[in-house]
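Chains: A, B and C, in written order; residue numbering restarts at 1 for each.
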Amino acid sequence: MNLTMTPQEDKPAPAPPVEPPAVPVRVEAPAAPQSRAAAEPPAGAPALTVRKLSVYFGATQALKSVSLDVAVHAVTAIIGPSGCGKSTFLRSLNRMHELVPEARMEGEIRLFGQDICSPGVEPVTVRRRIGMVFQKSNPFPTMSIAENVTVGLRLNGERRRSVLNDRTEQSLRMAALWDEVKDRLGAPAISLSGGQQQRLCIARALAVQPQVLLMDEPASALDPLATSKIESLILELKKEYTIVIVTHNMQQAARVSDYTAFFYLGELVEFGPTAKMFTSPAKKRTEDYVTGRFG
Amino acid sequence: MSATNHRWRKFKNVLMQAVALACALLVVAPLGLVFYHLIKSGIGSVNWAFFTQLPKPVGESGGGMANAIAGTFILLGLAALIGVPVGVLGGVYLSEYGSSRLNWWIRFAADVLNGVPSIIWGIVVYALVVVPMKGFSAWAGGIVLGMMMIPLIMRTSEEVLQLVPNGYREASLALGIPRWRTIVQIVLRTAMKGIVTGVLLALARVAGETAPLLFTAFGNRFWNHSLSDPIAALPLQIFNYAISPYDDWHRQAWAGALVLLLLITAVNVGVRVLTRDRFQKPA
Amino acid sequence: MAKAAAKTELQAPPEKLVQRRWGDAVFERTSLLTALSVFALLALTGYELAHGSRLALHKFGWRFLAGSEWNPVSEQLGALPFIFGTLVSSAIALLIAVPLSIATAVYLTELAPQWLRQPLTLFIELLAAVPSVILGLWGIYVMVPWLREHLFPLLKTTFGFLPLFQGPIYGVSMLAGGIIIAIMIVPIITSVSREILRSVPGLQREAAYALGATRWEVTRIAVLGYAKKGLFGAVILGLGRALGETMAVTMVIGNTPQIKASLFAPGYTLASVIANEFTEATTDVYLSALFEIGLVLLGVTILVNVAAQLLLKTFGGPGVKPQN
């Protein structure tokens, strides 16, 4: 794993005229006591290194020079009021933002040190290593449960029955769905309940063996019981994967994440260990938000 | 005063509803009449021989339209070879790619093409295929019907592809599946039923076309042995028999018309019944 | 089983990030080409017809459009009788079809009881699917005799003072052609009008109902007023179909190249003369003249269809789709 860290390259973002200057605060490592940039070098290198990321849709700037590191085998939560750019940030991490015709991006994103935005890199390859789960569960309606799990592999050329079968079971087990569906793998995916469908979508994302899993409000359309299943699944998954989750639910962020980033109006206001963000945030705006005073 | 006004308004309301109902009935009356007369005059000649035998020479009664029925299906097959891939892929482009400006023009051109009289297509293919090949042929007939299918299928395919929720495209792309595979194996597969419906309706539409076949497929009283030879088609045969002076041929024309209309109606009714629950959205 | 599964790696060995993929580019270009084929087809159509008619264009020039004689033997060829026939038969068709279609569309969207709407719509779609040649067959053997025996004599005795309804009755006639075209274009005008009326916002209706209007008044004030432009587009679209309608007209119009005031007299249309004489055209000039008739027909129908599409597309129908 070659690692070319560029330390201290992130100067404070150019301050917008009205808003208080947003200084992206970096946390380099798990368990850093202070959320200052000069923290300990990481125990494991960060999985994703984002530097000065700006995203524009046509004339509007949706993200303003965001810099942030995503730690390996940890859950990083992105919170903020709607329209703050948290979804845009998540989607730019595996270049899904490019599906919007007028989208444009500046800055740098590195996956284990490799630039994923350089001209020669196809989004297809990036997305195989950085998977995504969406707000609304979207299993393919024409396919069975098993077909849904293996679709990414099959469409990328994997034909061996044994590999596909193994991967189906493995992914469904990882997604804590195996026991519920093992007797009806051939049933249509849309026969599952909402929560099961979402776990199927997680299994589908896991089956292509990504290194990072992005989750865009994965439980917001689910009932409390299904939500708690997804949450315990996330805690389970972080042992093997690096997870970035967008959520509008602060209790959820507090429950599942190790690090929390607070976005506001396209800027990263504060980033730090979750415990600290929710107890003694450095910024007034963060405090207002996590205590429910605005947003 | 006010009461009479009110009564007048109510009366007018009832009157206009009655007038509109009468118009609606008048509009569908020809459909009933056509069916009635086709069955009355045609059913007697729809028999085994009609489907299995060649036309008899003038003066001999009996015979059938086997060659024309087969010819129609051959022509539809050739037409589908051209119209389906080009139409469906064009619909894919309109739905999945392209700038909205370019796509507006493509849609516009397709809609204008749909309004070009079918006889014009006949002339174009005559100049394009018949003259260079030095003769009427099944190829020419298939090509002309295929060309007519392109804008029809393009528009219906685009419509059903746009009904596919965007979440499926995103989910597939997020798995690292290339866009074209996403389109072919996720989007098209999800919309397959609608696309097949569109294709069937387009086939039903061109199956009854006569004018463009007059100087392309031309018609043939015998079996067609080569796609480079003229070929019979049901609508052509109906036309030729209808304007002929022989009673026996008239009966055959009615029978042919009955068979053709039943086929077309069956497809139309069938796809409408089958696609009533078009999109089961995921729960 | 569980053990076997556990053996596979959880994470894929890192693949090279930089690799060239051709699939997307090839697929997008191919589908672009197929989409652009509509332009190619339009251009091809115009080119082939212009190319085929160059002989006639050269020989007759503009006189072709004004010449009222059509004599292939002496090669005196003028298209006026056909232009006249096309215009008159289409005008008759519109006169009959427009009120009927719009009334039917109004009935279907505004007035009819719910249970009747679906079957009625299906019948209209089925009527649209009846091939021209079948309607023509029915026209020759059912409609024309009936017109000859019943409707035409009635018209003659009632309106005989008008030149339109004078002269001998043959049955096959301009009027018969107009009626059969009307039957053919009613379904298209009806279904397009129905779409237009359905796109009238419910608020328009509610506003009128709130004023205490009756159902008919709501329709007249809120719906028809709002939809005027779109309905006009539907009518023009119907006109485009009427001008190019071929087989059914050919079978009942009488196919006589003449210009007569009487609607009982046989006529001829642009499309019919092509259908009847194209394969019999013995000389190059004759054939070329038929190409030129096709060119005229194409030009007129394209103009009419462009107008119709512009009216329908600017009516605020389905807007530009959101790009993904």
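As a working rule, a contact is a pair of C-beta atoms (placed from the backbone, for glycine too) under 8 Å apart; a residue touches a chain by one contact, two chains touch by 3 or more.
Just so we're clear, the structure is a prediction, and the values are computed from it rather than from any experiment.
Nearest to the overall CA centre, using the mean of each chain's CA atoms, is chain B.
Using the mean of the Cα atoms as each chain's centre, the chain most removed from subunit B is A.
As a whole-number value, the distance joining the C-alpha centres of subunit A and subunit B reads 50 Å. Centre-to-centre separation between subunit A and subunit C, using Cα means, comes to 54 Å. Chain geometry summary: the mean Cα position of subunit B and that of subunit C are 15 Å apart.
Touching two or more other chains at once are residues 21, 323-324 of subunit C.
Touching two or more other chains at once are residues 99, 101, 124-126, 128-129, 208 of subunit A.
Those residues of subunit B in touch with two or more other chains are numbered 169, 178-179, 181. Contact residues of subunit B toward subunit C in the complex are 9-10, 12-13, 16-17, 19-21, 23-24, 26-28, 30-31, 33-34, 37-38, 41, 85-87, 89-90, 92-98, 100, 103-106, 108-113, 115-124, 126-128, 147, 150-151, 154, 162, 166, 169, 178-181, 183-184, 204-205, 207-211, 214-215, 218, 235, 238-239, 242-243, 250, 253-254, 257, 260-261, 264-265, 268-269, 272. Per the touch definition, subunit B reaches subunit A in the complex via residues 99, 165, 167-179, 181-182, 185-186, 189-190, 192, 280, 282-283. Residues 94, 96, 99, 101, 123-129, 131-132, 134, 136-142, 151-152, 155-156, 189-190, 193-194, 197, 201, 204-205, 208, 214 of subunit A are the ones touching subunit B in the complex.
Against subunit B, in their complex, subunit C makes its touches with residues 21, 23-24, 26-28, 30-32, 34-39, 41-42, 44-45, 48-49, 51-52, 99-101, 103-104, 106-108, 111-112, 120, 122-127, 129-138, 140-142, 183, 186-187, 190, 214-217, 219, 237, 240-241, 243-247, 251, 271, 274-275, 278-279, 290-291, 294, 297-298, 301-302, 304-306, 308-309, 313, 320-321, 323-324.
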